[in-house]
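Here come two complexes built around chain A, the first alongside chain B, the second alongside chain C.
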Partner chain A sequence: MENVELKIATDFSTTPGARYKEEGDFSGEEFREYVLYPKFKEAKTKGCHLIINLDGTAGLGTSFLEESFGGLLRTNKLDYNEVVDIIQFVSIENPDYIEEILGYLFDAYEKENK
Partner chain B sequence: MRMKKKINNQWIVYFAIFGIGVTIGDCINWGYFELDKSISVIDALTLFLTVGITLYIATILDRQFKNEQQESDLIVEQISEVSALLKEIDALIRQESSYNEVNLKIHCIGLAKQNLFEFLKKSYDKNSVDSFEKIFKEKQKKVKDLLTNTPIDKNDLSKISVKKGVVKYTDERIKEIVTEIYSFRTELFKIKLFATTIT
Partner chain C sequence: MDANRKIIKQNQDFKSFRRKVRFRQMKKLRNRELQGVSREKKKESQLQNIFNKQFVGYKIIKAPKIFSLLENTEELLSFIHKVDDCFTNKKKVFIRMKDTTEISYDAIVVLLSKLIQFKANKIDFNGDFPKDKNVENILKGSGFIEYLYKNFDNQDTYTIDKKIYTHANKNVNSALTSTIIEEASKNLWNEKRRCPGMQRVFIELMQNTNNHASNHSKGEKLWWSSIIHNKKEEKVCFSFIDYGVGIIDSLKNKETGKFARVFNSIKSIFNPNNNADVLKLLLEGKIHEIIKEQAYNRGKGLPGIYKAWKSNDISNLIVITNNVYANVANSKYEEMKNDLYGTFIYWELNSNNKSIKD
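Let's turn to the complex of A and B:
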């Protein structure tokens, strides 16, 4: 079974913005709503992984990443274990982004379960 | 590893100097020189060894020293790059700036960090490098959060706001960022000292 792939730089923007749409273009909210969540659903339906490539952008800010991925739990009410099971990351330029995103996912999970 | 290599090199130098001394001592006759057409096996070996060691010192060790110097220069260059980026961020935050531009500076620090620790891990003690890397990541994360983490609560405009891609920081947030940048630069200085200290 072939995995679903998503590269932020080519499937969304090379200059991701801030958190919400009203803050500017290419926000985390916009990314999650129009790209990430649909791709996640596709991967889940197919029973495969969603491979997200983080390379090629001019930077992934804290609020962009937190809203994109933390928002899957907070806004889209997805299950934490399911999300970390289905989504896998690729980042050759800056592998630290992966640890950062997993941290936001876990923080969002903890807040939702308080 | 470096200390071990340097200790081995020192012994080779001592040995070479001793060998040269013995050879010269053999040649010097306090009266006048007498050239002997025959040469003992020991003398021949001593001479051969001394010349060989001298050549070794001149070429291989010199090359090794230059390589180590180059690595050290590359590390210092990466540290300087991070320091320069932090300085640019300091200038950006004091006025309304493009959020993307601030984001890009932090992103570039992340890229420089990859290069920096790649070089450090090749040549320096692993435990020390890992320790520095952990602190670097903490400082980097802290600065990044202060610069790019807009609040989840849309009504919370207390310290950072972004509108149409333009970011504005309150005076309080600017102070926090400047403090963190200063702390970050202090850590960079420690890494530079570590990388350039001769052991």
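Let's turn to the complex of A and C:
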């Protein structure tokens, strides 16, 4: 089965910005709401992986990443294990992003389950 | 009728005579004062008289000889305080720059931000040029002068000759900073390159401005940035300033709010001696470890900037906030006598820093 693919630079913006919509364009909240969550649902329905390519942007802020991925658990009330199983990350330019995102997901999971 | 006219004429003659006598006395006095004074000094004195007449009611503030936040931090902060006092009291200000012998873009940004703050609030702001031709050229070359005669709205975005930027409409403008980085990369590598680490620095700073710069409401404060290409040393120098509560005070405000436990934990775990220690802990991410227990999605901005420096995304990171001066590269963290009500960050980009070629 073909996986669902998502490249932030082409499917959303080359210049992702802040955490919330009111703080500026291309926020993490906007990305999660209009791109990430629908793609996640698509992958879940198809029973495949969601491959997220993090390369090609001008740079990703900590708040953007935390709101995008931590927000899946916090706002969209997704299950941590399900998210970690379905989403796979690709980054040749900056592999540190992957570890960082997984850290945000775990922090959000811990917080939600306290 | 004739008698009346005669009296009026006599009065007028008397007053005219009195004016002439007074004028002669004043002239005599002035000449006596200027006896033995060189022609240059006489000219200077005349100019001073003209100045006094032209700028009545202005508060004259002398700019530091070394007009640089990095090189002469304490004096420049003291200068900012004087200008701020005038703004608070709605007093017209005249910046005396004639004795300034050194000037840097970070300080020009400060001056420009103050100019716009005054003009946007319809308070007169004026000044003279440095006598030093080099310094005068730098000031004029910055495009600062063009802005002296413009009318401003605080909420505009300004770009000055691609060297100074400010933004207020939406605080986090990642497209603008991406363009700034592209321009800088062309200077360093003669081609467009991406510097994701540095873009992150900009985003964190803009985000911090939005979240912490003002105690009053989100998005109220402006941020300013200057970019200058130092061809001789083959580097691009960046400075970013916001006038808010500053990093340390922002954290201390949490002492009484919902983060009260955080601040107490910091005190009990790390036992910092002073604010300089607190800033070091913040940058190194140690405080974030505690903050995330209560607000896991906050407090990552500064460690992100520090990490960008450690990962060689940027060089020569300097942070000035409240009463702390931190030269991160030299591990120099110290308290100052004067406070900066806000945050100033300086960093450099050179060809050895990380970049991505498309």
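Here is the rule we use: the second predicted complex is superposed on the first by the 114 of 114 C-alpha atoms of A that agree within 3 Å, B and C clash if a C-alpha of one lies under 4 Å from a C-alpha of the other, contacts with A are read in each partner's own complex, and residues count from 1 in each chain.
Just so it is clear, a contact is a pair of C-beta atoms (placed from the backbone, for glycine too) under 8 Å apart; a residue touches a chain by one contact, two chains touch by 3 or more.
Keep in mind that what you see is a predicted model, and the values were worked out from it rather than measured.
Chemist: Which term applies to chain B and chain C once both are placed on chain A by superposition, clash or fit?
Modeler: Once both complexes are aligned on chain A, chain B and chain C clash.
Chemist: Looking at the overlay, what does A:1 touch: chain B (first), chain C (second), both, or neither?
Modeler: Neither: A:1 stays clear of chain B and chain C.
Chemist: A:23 contacts which: chain B (first), chain C (second), both, neither?
Modeler: both
Chemist: Using the superposition on chain A described above, determine whether A:107 touches chain B (first), chain C (second), both, or neither.
Modeler: Only chain C is touched by A:107; chain B is not.
Chemist: With both complexes overlaid on chain A, does A:62 touch chain B (first), chain C (second), both or neither?
Modeler: So A:62 meets both chain B and chain C here.
Chemist: Which segment, 9-17, 45-53, 81-89 or 189-197, is the chain B region that clashes with chain C in the superposed model?
Modeler: So the stretch of chain B colliding with chain C after superposition is 81-89.
Chemist: What residues on chain A does chain C touch that chain B touches too?
Modeler: Residues 15-19, 22-25, 57-64, 66-67, 74, 93-94, 96 of chain A touch both chain B and chain C.
Chemist: Which residues of chain A touch chain B in their complex?
Modeler: Those in contact with chain B are residues 15-20, 22-25, 57-64, 66-67, 74, 93-97, 100.
Chemist: Which residues of chain A touch chain C in their complex?
Modeler: That would be residues 14-19, 22-27, 57-64, 66-67, 70, 74, 93-94, 96, 107-108, 110-111 of chain A.
Chemist: So in the complex, which bits of chain C are touching chain A?
Modeler: Spelled out, the residues of chain C in touch with chain A are 170-175, 177-178, 181, 194-200, 202-204, 206-207, 210, 218-219, 292, 296-297, 300-301, 304, 311, 356.
Chemist: Taking the complex as given, what residues does chain B use to touch chain A?
Modeler: Per the touch definition, chain B meets chain A at residues 99-100, 103-104, 106-108, 110-111, 113-114, 137, 140-141, 144-145, 147-150, 152, 154, 162-167.
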